[in-house]
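Okay, handing you the structure first.
Note that the chains are named A, B and C in the order they appear, and that numbering of residues resets to 1 at the start of each chain.
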Amino acid sequence: MLNAKIPSGPLENKWADYKGHCKLVNPANKRKLEVIVVGTGLAGASAAASLGELGYKVKAFCFQDSPRRAHSIAAQGGINAAKNYQNDGDSVFRLFYDTIKGGDYRAREANVHRLAEVSTNIIDQCVAQGVPFAREYGGLLSNRSFGGTQVQRTFYAAGQTGQQLLIGAYQALERQVALGNVTMYSRHEMLEVVTIEGKAKGIIARDLVSGKLERHFGHAVLLCSGGYGNVFYLSTNAMGSNVTAAWKAHKKGAAFANPCFTQIHPTCIPVSGDHQSKLTLMSESLRNDGRIWVPKKQNDTRKATDIPEEERDYYLERRYPAFGNLVPRDVASRAAKERCDAGYGVGSSKQAVYLDYADAILRYGKIEAGKQGRSNVSEEEIIAMGKDVVKAKYGNLFDMYEKITGENPYEVPMRIYPAVHYTMGGLWVDYELQTTVPGLYALGEANFSDHGANRLGASALMQGLADGYFVIPYTLGNNLADEIYSKAIETTHPAFEEAENNVSDRINQLMNIKGKQSVESFHKRLGKIMWDKCGMARNKEGLEQAIKEIQALKNEFWSDVRIPGEVNEMNTELDKANRVADFIELGELMCVDALTREESCGGHFREEYQTPEGEALRDDAGHMYVSAWELKGEHQWELHKEALNYEVIKPTQRNYK
Amino acid sequence: MEHYHMNLNLKVWRQKNTNTKGDFKTYQVKNISSEMSFLEMFDVLNEQLITEGEEPVAFDHDCREGICGMCSMYINGKPHGPWQANTTCQLHMRAFKDGDTIVVEPWRANAFPVIKDLTVDRSSFDRIIQAGGYISVNTGNAVDGNALPINKDNADNSFAAAMCIGCGACVAACKNSSAMLFLSAKVSHLALLPQGEPERKSRVMNMVAQMDKEGFGACTNTGACEATCPKEISLTNIARLNSEYLGASLSADK
Amino acid sequence: MTWKQVFTSSVGKKLVMGLTGISLVLFLIVHAGINACIFADLVDPEENGAMFNKAAHFMGSTVLIRIMEIGLFAGIILHIYQGYLLTLENKQKRAVGYAVTYKDGSKWYSRSMGLLGTLILLFLILHLYHFWVSARFTHQGLDPVTYNGIEMHNMFALMKVTFSEWWIIAVYSAGCISLAYHLAHGFQSAFRTLGVYNNRYTLMLTSIGYAYSIIIALVFILMPVSFKMGWIG
């Protein structure tokens, strides 16, 4: 079932060879080919814009009121590229290597190398679009460092890199809308993939304003619908982020790969109470200058500023001297959990650690005083100057922290705790980003391909844009070249009829339950099961229990959910119900996947498999494969394994000490 | 920071759809924590309404971290509520006290018709961008990112303008329902960069024409937009747009 | 982009407001300067408005200035017409209003340019009736006065008579205060509309604008008050 279609030849030539030999579609034929793009984040907007530019007839869909709102916008820190502008030893190979290693050797070499190759084009493209990246005084691009790397290769626009990149892609997309190459359907949600003779030929979408179901034909369907972190209810994802598009594809036969690989981001603002609806990330870039610590004494109730230096445990610097506070996300998250579980947590909930800027403020203050050629500067002045520097670098993040917590992070250390942030798993795709359903593609976070078991910081933006700008325009053409003889299919075709009926039946079923519990309450319960038993640490017993609980929750949901309002109108509860129903099913699969992966790697940490020092214990002999799950029936999946062959890199135990 | 709980009266605009007339409904919510965000307080209200068998209040929201620009409530006479440089989703309940009455309205402007309750249609903003808010560069056309050094001040000012989240608070705050701050942020973002130079004149002309077509009002420089903008986009951008517009019209060929 | 398109766009309409506004600002300087000649009386009580009357005569009898006067009226009318049109159009852009209006983000006078303009217009009608209509057409209440053998209108005496009643002084003061607030917004707004965006100039222009508004209003208010109080005339 799984053919990754990786081109032969040496790793560094694969993509060039592929591009040199792939089939092309001539401009006159492109005009006749229709492409559906679901989701308008970095992957979707860049794909829709690039395909529109090439001349395809594109229809793009998003559930938000504008494509500019997709959750890529919230990415803060930056985007990696192997430009080596800093002359610090970076290269395509180094970026490729760091990404594979960061992913704990569970990603495909060929895909990752391609990603590293096109990374430099992305920066050029974005600059040309007018993305205002940070610059040095000489007018050249600035870089910062990020977790899991020893070079400075991250390009950024203050703490709003995702926003700037998305707006660049959004503008390119709107330009194509203006030129008539792309038709935009906002406030639309895809609720079914239409397949004809085994090929994806369209979708059923619901207009979220009128509630009407619509049929849309496409010679190909691209799912760029993001990740499924919201299965945990509390995550750094947007409230609307959902798995529905990917899950519908899964139900139509697309294999779902590595669903248990979820990334828990170490620096988020801790939960403040039961009312919490989402978690807010504090950019990983803060770990560049901030120091993470907990008190050396258990259950220390003193204020952070009252704890003297010698009674603080800078546990990341202690455990990982080589990378210190810049260890990869999974390592940093687990270390925080370990300290909190051991009773060293801080804050009222004791589920938090400190991220302290006092040292950085002093350090920057001294540099600033030095720059101004001043000696004999008082400590207060140094601190004031240091605060100004920190404000210039991280001001918006600090402001955000203060708004949410009511505490001033320039004066007291921030409290942080890990939270669900990104999902490495997703729809299984081959080298061409095609799923196991012909004609159906998955791009960006919606696919599984590039980050293995753990994603490095500033790589999500890179992957989304790589897929959309530079990969899909070639690979889609290679496949659509065979479709030039197939005419557009009328949406009166029985397959569309049937698909629409299925959607409408399910919606009616949901509306007719008329139970007692709100959609939100089910979502919260699902999230709790997932976080407790399939979160930062998992074990066999917990996972088995979780599967049972989720199955029971599913029954309860389908017999007692309450959705007010009507079908044929804007109905936000119905929208949520459609999504939560899919999350419940996905949750079960995630636990099944976590249960069968009897090793610890990257974001997947099985308590049974760890080294004596508590580090993840990978099992390369038994588990060096991608788990691709095929749906066989309710609660039934078949596992297909795609072996990972490392031809260039030799997998070793990740060591950040 | 002292935490506390409060009971509140909410006066919320309810409107079934664009074509029906709406009115205010009053609700009580109890035991709201000062640590909640404003939208989490609305989640509580909606849970309460669902339990009582009523329809929940429809409102736009997504990222809940102040960057997507989707949330859009006009709270006690100010877009996004009482805090400065803030979005509704980042407004926290410690801004209020026990017994307060909070009036919540949708953005009001003909160019932003109400879809339902507090949800409005802001697609006019997308159409303004379509009119020229971009740099025409197809994928693959780019030269090396460092081939064109950009003066740091210009890059910084361009970024400051590009921070606009397109929420529409400027329109909601403006007595003229003008979209000039939104428009000027985009014009400034692109006009300050050398990449934006080739389309500089046509961009400002076409975007202003589209803004007028969408039914936004004219700017009278009152500054309400700047005062309410969650990203503190400066009024200076409007002056820059005017300069761009004047320059473009004076140098037009026909 | 045709001129018509330029000046009928929302930005173009504002340009018209700004340009006519600035020309009126310049006019007010001339007007205040010439009328301030009445204060020569303070220095030399024997003067009895001679300096002012001569200046007024020069303004009324010079062809170029009379031609400029037509331009001035055209500017005023355009400013008024466009002002009302904009106010009306802008108001129509929000069919359903707010229950609670947003006040903190802007100055009341910035939001009330239409109202302030109307007050100024009402004052202007009275003012024109008092002096301009009389000087140009009816010559009502105007005595001749002769300096160096040239006969001219004694505008100074007309002012003295007109400003003998408290209600007129009150109306004039109200008109000038409206003018001050109108200018406090209009002055800097006009320059913004004309595209002055550099911070160094906008800051300067805002300060100059406030100073200008206050000085102009004070100078004009002092005129009727000085007559009534007997400081001059």
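Going forward, contacts are C-beta pairs under 8 Å (C-beta built on N, C-alpha and C of every residue); 3 or more make two chains touch, one makes a residue touch a chain.
Because the structure is a prediction, the values reported are computed rather than measured.
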Looking at mean CA positions, which chain is nearest the middle of everything shown?
B
If you tally contacting C-beta pairs, which pair wins, A-B or B-C?
A-B
So, in whole Å, the Cα centroid of chain A is separated from that of chain C by 63
Can you compute the centre-to-centre distance for chain A and chain B, using the mean CA position of each chain? Integer Å is fine.
26
In whole angstrom, what separates the CA-based centres of chain B and chain C?
38
Listed in rising order, the residues of chain C that touch chain B in the complex are 1-3, 5-6, 9-15, 86, 89-107, 110-111, 113, 185, 188-189, 192-197, 199, 202
Chain B residues touching chain C in their complex are 11, 24, 74, 76-79, 103, 105, 108-111, 114, 173, 175-178, 180, 205, 208-209, 211-212, 215-228, 235-249, 252, 254
Can you list the residues on chain A that touch chain B in the complex?
46, 49-50, 53, 64-71, 73-74, 83, 85, 121, 123-130, 132-141, 157-158, 160, 162-164, 167, 170-172, 174-175, 177-178, 184, 186, 209, 236, 238-240, 272-273, 275-278, 280-281, 399-400, 403-407, 469-470, 473, 518, 520-521, 562, 564-565, 569-570, 572-573
Can you list the chain B residues touching chain A in their complex?
1, 16-17, 33, 35-37, 39-40, 43-44, 47, 49-51, 53-56, 58, 60-70, 83, 85-86, 90, 92, 94, 115-116, 119, 121-123, 125-126, 129-131, 133-146, 148-152, 155-156, 158-159, 162-163, 165-166, 189-190, 193, 195-196
